[in-house]
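You will see chain A twice below: alongside chain B first, and alongside chain C after that.
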Partner chain A sequence: MVIDSAVNRTRLRRIADGSDARWLMVWIAGLLVLWIWDAIFLNAPAFDAVQTSFLNSLATGIMVVVMALFFGWVIGVGLHLLERSEARVLYDIASFAVDILRSVPQIIVVLIGYVLLTLLLHEGTIRSTAGQLVWIAFAIAVAVSLEVSDTVRERINHFRTLDFVDAMLSCGISETRIVNVEILWKNSRSHLLYKLIAIFGMSVFLQCSIDFIVSVGLSTDVSLMNFPVTLGSLLANVDSKQDILAISNLFTDPGYISVILVRHLQGISVAFCIVFTLLCVYMIANGFVRRHRLV
Partner chain B sequence: MSNLWDVLTGNSESLSSKLLLHAASLVVVACMFGVIVFVVETRRAEQRENDSNIQKYLSLHDVDFGDPVDRSIFRESLGVFLPNQSERNDSLLLAIDDLRQRQFSDPAYKSGSQLQGLTLEKIGEIVGMYVQFLGVYLVVLVVLFVSAERIGLYMFVKTKQHRASYLSQFVEGARQLRYRGKLEKRWIVARRLSLLLLKALGKGAVLAILFSPAYVIAYAVRTSFDTSTLVFMAFLGVVSNGVLIQTANRFFTLLVAESHKGYVQTAVVKGLSDSYEWDTPRGIPRSALFNVRRGIRSHVFQHIFLNARFQFIPALKEYASFLVTGLIIIEMALNIQGHLCYELLQQILYRQYDVACFIVFGIFFTVKATEVGVDIWHEREKKRYGY
Partner chain C sequence: MSDLRYDIHIASDERELVAIQDFRLAESSITVLFGESGIGKSLSALAIAGLLDRDQLDIRLNGREYRDYLRSVELADLRKNGFFVFQEPSSHLNPLMTLRSQLREGALTKVSDEEGIVRRLWRHSPSSHVNEILSVYPKPYRPSGGEKQRILAAMAFKKMSTTPASAKGALFIFDEPTGNLDNQLRDEFLDLLVENFRSRHCTVLLITHDYSMISRFTTSYADLAHKIYYKELGLERGRLQLREFLPSAYLGWVKAQKAHALAERGESTLMKLQPNVRIFGRALKVTRHPAGRKPEPLSMAKGSLVYLKAPSGVGKTTLVKIMMGLLQAEELSMVLEGVEYTQRTLRQVWSTHVWGRQMAMVFQHADEALNQNARVKDVFAGLPLKTPMNEAAITRTLSQLFDDELDREFLRKPVKYLSGGQKQRLNLLRSMVLDTDILILDEPLNGLDFQSSVKVLANVEDKLRRGKSVLVISHNEEIFDALTMPEDVYYLHEIT
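Take a look at the complex of A and B:
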């Protein structure tokens, strides 16, 4: 028992010493400081909007990660099993389709998802905010899930060259179990987790960008009131844009920083949330790679 | 037949099979978009015919369909001329209402004759925009590749030098500052610490810019710079959206992975230099970062670089799609008229899906063409190194 807790303490210590954990703490601390600053200086409606937008974006990002893991796992394992089965033609068709999807820029896939969402909104099929967020997460997950499936296939191919797979097959263990449990679950969680961290960052970026674009470009067709407020759509808001435009004043008057941090807080807070999150997620992913020696 | 199938499905790893696969996917996507264009055009023709049939009722003099009295007179008149067809007459009134509503609300009616779908004139217009998009894309791709390579190399050398980050050095220096005795010495250390802090802040600011989405940077400098120029677009394409840092990090990862391989240790044992100190006799001259191939002979770094670069070339295919995503975001978010992706957004807004499909196919073609180019380049490199 004593040994166990000592081992656990060492493990916790190692995790806390890792740069990924450090950057995770930096991210949380940075957002906490921003939250306190906004609570003091930002007006109540804008503060509410910033909080809601952040939570919506965070929720969408988490949903994207879960969906991308599911889709990527299914596609990766499915392609592997098809490749090993006698249905060779099916495998060729599936991998051809996957290759085509890979060549479509992710933003186009997400944009198509938004066009379909507007149609569903017009028809009244989707009404709730949660439903819209799930749909948006689905569209982004479709766009990014191939990255997970690539990792899945890479790991399976790596382990296929080792003897233990053949040994397990000779022992009568089914290939599905070997792939799903032995290779992916027991031996590839770190690789998949790294990929999922990167996908979280990608989903934040794609979601903010598409919401910004839709709010700027399609706003006459679909009222902003129709879409749930996210970091991207809040940034496209006129007030936020004015706040970001005010940054230009720093080129001529660096002392203006004190005004920006108090008077132009809505846009600055949203932009900070996006940029800081993207930067921290990148650092967390890199730290994770180093700690688990994935290179 | 089976050989042809193998070539078509990429089972053969030869360049010709890869090229054939790319061509096949282009044909498939072109056919898919062709079907969409055909369906949209057919529906539009039906809609136009229906609208012209309804329009003749709307053109009736002395009938105001917004007036309830006129509407009931019209309904009764229909009942007189077409008795026992009340359902048909109700449908006609609904169709008239629908057309009236669309004439007020549908952007296609508001924009007049500009929205005629995929006409020859429109295709010409889009091709012009596409060429411009392609020009910016090519410039960004080349600059990105070269810059990512240099940054990746710099990151690698810095890692090999085993130096702590500026912030860690600052924290360590600040700790030591407490134990230093003389005031003069303290002042020197304080100056060094200030410099380190400045460097750390500068690095943080550069990273923040590199990770900023393009629209944040563009709006932040909009009142000071002209953000609608092609040069600015290309600049944003390279430095924003995290493209540069992600690509550089990929190259850095390949360099690190390569440096762990056995041949590197063997080469060091055989006498090749493995010191990564700047500008020392057995180290690396800073200028070599710009010419690794010839700049540092007898150093293991040159071999690590060449092997990592060989693997980095196919990785460009992955970044091509992401790079195009970045450029699309820039063009759409900045709302610059006359640019391909702004046009795409407008066509989606006006529900001109055939034109939108045509533009999307152009974008898909760009990514595919890049993949073809990268495959050919990689094949040449393979031959060069005797693979």
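Take a look at the complex of A and C:
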């Protein structure tokens, strides 16, 4: 018991000492400072828009992580089980389909998702903001889930070379259990969590990129105005673009900084939110890799 | 005669690794140290030899800080006149030097009888093969484990022959020096050790799991009985204790086993494997003769203990993996309980009918065979039993091979925190708990102490009595020769 509590204390200390935990705190603290600053200096409608866009992007990112984990796990394990079974034809078909998806750039897959969303909006199949966010998350998850499935397959292949898989098989333990519980759950959680942190960052980046692309409008009836507000769409907004352009005044008038941080807050806040989040996610992922010695 | 006496305390950041009071080695004697894997034998020996990293571990030796011990005169003497043969030879060999250059490095340059020592350790190999081995680099050519062990043994014997008789600090530590050698080579090693010991009277610590060394020492070197001490490192009420091990305990037990071999057994055949098997382009054959004259099917009757023998590297483990359907052979014909299995049998058939139902196998390295990140109780999850095991059932099963520590905390302990011996017992129990007609045991006594070995074999005997069949691969020939009927001993050969 004494040893166990000592081990737990050491574990907690390691987490607290890890740069991933530090960067997570930096991210939360940075966003909190930004929120307070905006609450004081940003006008109410813009403040609401920034808040909503952040929460929508955050919710989408979390949904992408959950869906990508599910899709990636199913694809990775499914391909493995098909490969090990006698159904070679099925395996070849499935792996061909996966390779086709892999050959399409992620941004194109997401764009196709937005086009389909536009059609669904036209037809009135999807109306609610939540429904639209779920669809966007689904499109991004489809695009990035192969990142997870590749990790799943790498882990399975790594463990297949070790004796413990054969040892368990020879005792009659099912391959499904060995793969899902023994390999992926008990031995690959850190690897998958690292991948999911990266996927959260990818999700933020892809959303912003796509929102910029579709800011020109997808049809005469459907434009960014019909989509839920996200960090990317708010950044693509004319007001935000003007706020960003205002930064160029600093080259001729450095004293303008005081004005920017008060008068051009919407665009600056959104841009800061995106860049700061991506930077923190990158640092958290790196810290996580170091703490868990994943490379 | 004075003793070398050590109080050893080693701890990591997370837990205490070794705490032994009064670790005694009689000077100018051979101490044979037994004990389960992972109990702290090697760590203690490394601490004595000054080979542990004081920055990574908290170490105290005889009440002193380790850094003081590292600067001590006694350690300087030990380094000058002694030698350490590592358990894992790879960690001791320089990858950038040929084996021959390493054999002649430093203090070993002076020795003239290198040829004689090497010839004896490679007694059964042609000299061209020995020359070939000596001229390779440990990487990338990778000599086998047995070859590396013999190189290290040769170094130790060269050093021994240059050490002045009864020199101060002449402590020679051999950590599992014969783990990768077959019995003939092991005996050759022991002969060389005793010859050098007779002429130099140095202090020898021989760490091993091979209790059959006792028979060799008592039968071939009876005159040295007063110079050879047998000790066993074990846990007593949660504390490490170094206790005397009586040779008669082992010798008497082996003698008693001979009677069991006469036990009756059933007539019906559970499994018959045709003698010719091919895999990876290699052809293997099973015979009843050590010289491999006539191929004969390997047959397992109800209640029989079958012993499969072959020198290291021939493919014993490969053959049993083929028999289990874990490796796909190019040629295989086996009848298991009336059903024929060949190289074309689908994996689905093996998994549905054979694995864990008709046959089960215990792999030889428990470290690799168990999921290190699983908890003790998880090892029994997913087994094809009539009713899943709850904690009470797991505790009952564990109590067959575990004496103490069977509380809830132990069941929740991660496998990676168990000692090597505990892992091996867990590895064995996972397969033994199944109700399969055939059980394959690959080196079942690896890393076990004497008491645990006795319990494992009692368990095997119980299976045999219940009409189950057991196939064993083991380098513990003395034990399994005693337990097996002569007609149940098979030899595996590679056809060249």
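By our rule, the second predicted complex is superposed on the first by the 277 of 295 C-alpha atoms of A that agree within 3 Å, B and C clash if a C-alpha of one lies under 4 Å from a C-alpha of the other, contacts with A are read in each partner's own complex, and residues count from 1 in each chain.
Note that in this section contacts are C-beta pairs under 8 Å (C-beta built on N, C-alpha and C of every residue); 3 or more make two chains touch, one makes a residue touch a chain.
Because the structure is a prediction, the values reported are computed rather than measured.
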Q: Using the superposition on chain A, decide if chain B and chain C clash or fit.
A: fit
Q. Looking at the overlay, what does A:278 touch: chain B (first), chain C (second), both, or neither?
A. first
Q: Give one of first, second, both or neither to describe whether A:86 is in contact with chain B, with chain C, with both, or with none.
A: second
**Q.** Per-residue contact with chain A, leading partner among chain C and chain B
**A.** B
Q) In the superposed arrangement, does A:235 touch chain B (first), chain C (second), both or neither? A) first
Q) Which partner does A:31 reach: the first (chain B), the second (chain C), both, or neither? A) neither
Q: Using the touch definition from the top, say if A:21 reaches chain B (first), chain C (second), both or neither.
A: neither
(Q) So in the superposed three-chain picture, is A:187 touching just chain B, just chain C, both, or none of them (first/second/both/neither)? (A) second
Q.
In the overlaid three-chain picture, which partner chain does A:169 touch, first (chain B) or second (chain C), both, or neither?
A. second
Q: Considering only C-alpha atoms, give the closest distance between chain B and chain C in the superposition, rounded to the nearest Å.
A: 6
Q | chain B/chain C common contact set on chain A | A | none
Q: Within their complex, state which residues of chain C touch chain A.
A: 13-16, 321, 324, 326, 346-348, 351, 355-357, 359-363, 365, 368-371, 373-374, 378, 381-384, 409, 427, 430-431, 434, 440
**Q.** Residue numbers on chain B that touch chain A, as the complex places them
**A.** 5, 8-11, 21, 24-25, 28-29, 107, 207-208, 211-213, 215-216, 219-224, 241-242, 245-246, 249, 253, 256-257, 260, 321-322, 324-325, 328-329, 332-333, 335, 342, 345-346, 348-349, 360, 363-364, 367-368, 371
Q. Once bound in the complex, which stretches of chain A touch chain B?
A. 92, 95-96, 99-100, 102-108, 111, 115, 201, 205-206, 208-209, 212-213, 216-218, 220-221, 235, 241, 244-245, 247-249, 251, 271, 274-276, 278-279, 282, 286, 289, 295
Q. Inside the complex, what are the residues of chain A that reach chain C?
A. 1, 3-4, 6-7, 10, 84-86, 162-164, 166-175, 177-178, 181-182, 186-187
